[in-house]
Amino acid sequence: MSTHFLNVLWIALLVATVLTWLIGKTGHAGTAAVAGILVIAAIKGWMIIQDFMALRRVTFLWRALVLGWLVLTLAIILLAYWLGLK
Amino acid sequence: MNAQHHGHALRPYPPGDLAIWVFILAELAAFFALFVAYAFTRLKHLALFDEMQRTLDSDAGMLNTLLLITGSWCVARAVAAIKANHVNSSARWLLAAIGSGVGFLIVKYFEYGAKFAAGIDLETNLFYTFYLSLTMFHAMHVVLGMVILFFVWNKTRRGGYSSHDHHGMETGASYWHMVDLVWIVLFPLVYVMR
Amino acid sequence: MSEAFTTSTARNIFYGGTLFFLLVFLALTYQTEQSIPSRDKREMLADPKVVAGKKLWETNNCIGCHTLLGEGAYFAPELGNVVKRLGSKEAVKAFIQSRPVEGIPGRRSMPQFNFTDAQLEEIASFLDYVSQINTAKWPPNIQG
Amino acid sequence: MQYKSQAVAKPYFIAAIALFVAQILFGLIMGLQYVMGDFLFPEIPFNVARMVHTNALIVWLLMGFMGAAYYLVPEESETELFSPKLAIALFWIFLVAAGLTVVGYLTVPYATLAKVTGNDLLPTMGREFLEQPLITKLGIVVVALAFLFNITMTVLKGRKTAINTVLLIGLWGLAIMFLFSFVNPHNVVRDKFYWWWVVHLWVEGVWELILGSILAFVLIKVTGVDREVIEKWLYVIITLTLVTGILGTGHHYFWIGTPEYWQLIGSIFSALEPIPFFAMTLFAFNMVNKRRRDHPNKAATLWCLGTGVMAFLGAGVWGFLHTLAPVNYYTHGTQITAAHGHMAFYGAYVMVNLAIISYAMPLMRGRAANSNKAQVAEMWGFWLMTVAIVFITLFLTAAGILQVWLQRISDNPLPFMVAQDQVSLFYWMREWSGVVFLIGLIVYIWSFFIPGEQKAAA
């Protein structure tokens, strides 16, 4: 993993974090905000798992376990929020 | 080791010791259960959760996210450095990661301090039960991660790891990334989304 | 496999993980001790009858048939809320006193313990104390 | 058997099985009292039968653990036991104390027993599972300390392996947690809070370490799989056990006056408690599949596999069924709890004891394994007892569900005793399953008396 790529990733994660924070700060709520925030969280989690944890070059099973955790967790949260928005 | 950089062969096991991965998966399962419990309890008490969430300090939450991401990045750089046999540089990156952990705890100290000063505790209401259980449990993981990183740093600076042997460092690094990963879900869930 | 998974790491994780969760548990224990005075009606323990009643409860092995706040044997009714269920301490005392020595043919029966009036008052006071503990709305209804 | 002193385990195992018989007989008495309320009344009231049933269980499991420790520690440490004489002396002290306690339960009213055994000095009696008189409790502490001294000295002078280290941690934990049986505050909430430190942190904590190390030892012996591999599994399993089990204590703190955040913590961590049991099942089957030798003792292998499966079902699945706070609100203190208790104790602790007994007894009697005929009888015992416990559990679960419905959920909740009458059919079926269990136990014991025809132990 090149260090340059790690640096770019780091900056991207920082920006994404500020973005999430801004959505909350500006008082956004409801379907669009929840969906946006969860998508950002998914992307951030995905980057961390693939490149910081370095599972990108590991067999499918291990990646599936951890990425699956991320997707399942966010999906269930989405479901619970969606039920609350109805 | 070459295959890892250039080839297409997939490694059979994740970086670090398998034992830590079993532990990581168990921890992820615990946090999964906590997150799901939070989301569905909120569903039953929407008004309370939305109202109480506004009393949280989302600036502190954001700052802590930045710190943990930075800590994760430092550890990733430390692993990259040791793979290039840059022992001193690797040790410095580890120290920086521990530093970000210290920063996280300082922010938490002020955040909790404000809450406790307002007389809030685990039993104030259901939202605060969740907020405090989740974040304190996570903060203890930060502490554990720092303890692990401390041992890894100590061994690194004594020349215990090299480009050939950094199994132990990857073990500690994997745990630290897990602590970051969990927070990536926790922050929007508890501080931001409504 | 052997390189990916070492016994020494597994051992260290065992010690570290156990210590970690033990500390969390002890911290929660401390918090619980700080917090329960608001729920456990400890002020009622100032009455020596309640303390004596607990000892009678124990030395007659009531827990061997009954549950108390849901813990014990499941052979006889829950007693954590029995004062409320029967309506008064007097009703509880009357029930205990009325048990036939030889039991009831074909049915479960509580033994006759031949308590004195003072002892009956102590047991009833103890059960009254337990019935006032804040149990997070358990049991679901008066039947226990 | 590689070391002479391992033979001290034999009386422990024999006494364990004898107490096992007593436990089952009193279990059958209680089962009958559930449907024929006046059976043996007032001679042996239900609470007395129950004390004998549960205390005999605890004592025989402890006897088994001690026997297992005496058997496996010399072999693991590759040295003779520190003091075989002490081990034999402790055996008689423990057995006589246990016998006298049972005689006390059966012959004197409990209140009188409390009076004459010094309960007034330090009231500890009359709490579930900790009914033993003060002097018996003190005796247990003395025996446990002397036993631990003996075992620890043996390990210290010999080889330290993961198996004997984990066993030692488990046994020390067992002794230390037992000290909380002397903590009995007047405050019922605090009384219950610390009572669980003995009960829960035993069976869902340190006992699982003992279980894990005994199972690992027998699996090494019967499968010939590398120690390295088995020891890694052992560490991973016990890590998962304590990581989930310590905070899992919270599932007992839902409704006893403790703060309500325990509903969250207890639900989460006890929901994870099946994981170590599942890992144990995988472990047992994996090791047997990877076996490098076909050990002549097929029965011992069967008990090991049985432990994996039944502990997972009883402790894992049946525990999970009613551990989440919203479910437990309705099931707390009903026959559901009894159903879980029966299968969990049998699956985890009874079976692991029978596994080490099955493995070690033939060796102590001078043969590698029992004759084919004896093993077949033993396996019949295995299946009869295991199937019987499954049915006991199923019938108690059915009784529990019906009880919860009638007494707690329906629009017109019935009084306890009325609901009990409604479920009596299931109690009858449970009692008949209990009879089958007893038959299984008799067959199991009979298998010890079938002569061995196999060659002498290697």
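By letter and in written order, the chains are A, B, C and D; residue numbering begins at 1 in each of them.
Criterion: contacts are C-beta pairs under 8 Å (C-beta built on N, C-alpha and C of every residue); 3 or more make two chains touch, one makes a residue touch a chain.
Keep in mind the model is a prediction, meaning the values are calculated, not measured.
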Note: of the two pairs B-C and A-B, more contacts are counted for A-B
Whole-angstrom distance, CA centroid of chain A to CA centroid of chain D, is 46
In whole angstrom, the CA-centroid distance of chain B from chain C equals 40
Chain A to chain B, mean C-alpha position gap in Å, rounds to 14
Distance between the CA centroids of chain A and chain C (whole Å) is 47
Touching at least 2 other chains, the residues of chain D are 232, 235-236, 239, 243, 259-260, 265
Listed in rising order, chain C residues that touch 2 or more other chains are 5-6, 10, 13, 17, 24, 31, 35
Listed in rising order, chain A residues that touch 2 or more other chains are none
The chain pairs that touch are A-B, B-C, B-D, C-D
The chain C residues in contact with chain B across the complex are 3-6, 9-10, 13, 16-17, 20, 23-24, 31, 35
Counting only contacts in the complex, chain B reaches chain C at residues 12-13, 17-20, 23, 121-123, 137, 140, 144, 147-148, 167-168, 171
Interface with chain D, chain B side, in the complex: residues 19, 22-23, 26, 29-30, 33-34, 37, 122-123, 129-130, 133
Within the complex, chain D is touched by chain C residues 2, 5-7, 10-11, 13-14, 17-18, 21-22, 24-25, 28-29, 31-33, 35-36, 39-40, 42, 45, 50-51, 54-55, 57-65, 67-78, 101-109, 111, 113, 129-130, 133-136, 138-144
Seen from chain B, its contact residues with chain A in the complex are 4, 10-15, 21, 25, 28, 31-32, 35-36, 39-40, 42-43, 46, 50, 58-59, 61-62, 65-66, 69-70, 72-73, 75-77, 79-80, 174, 177-178, 180-181, 184-185, 187-189, 191-194
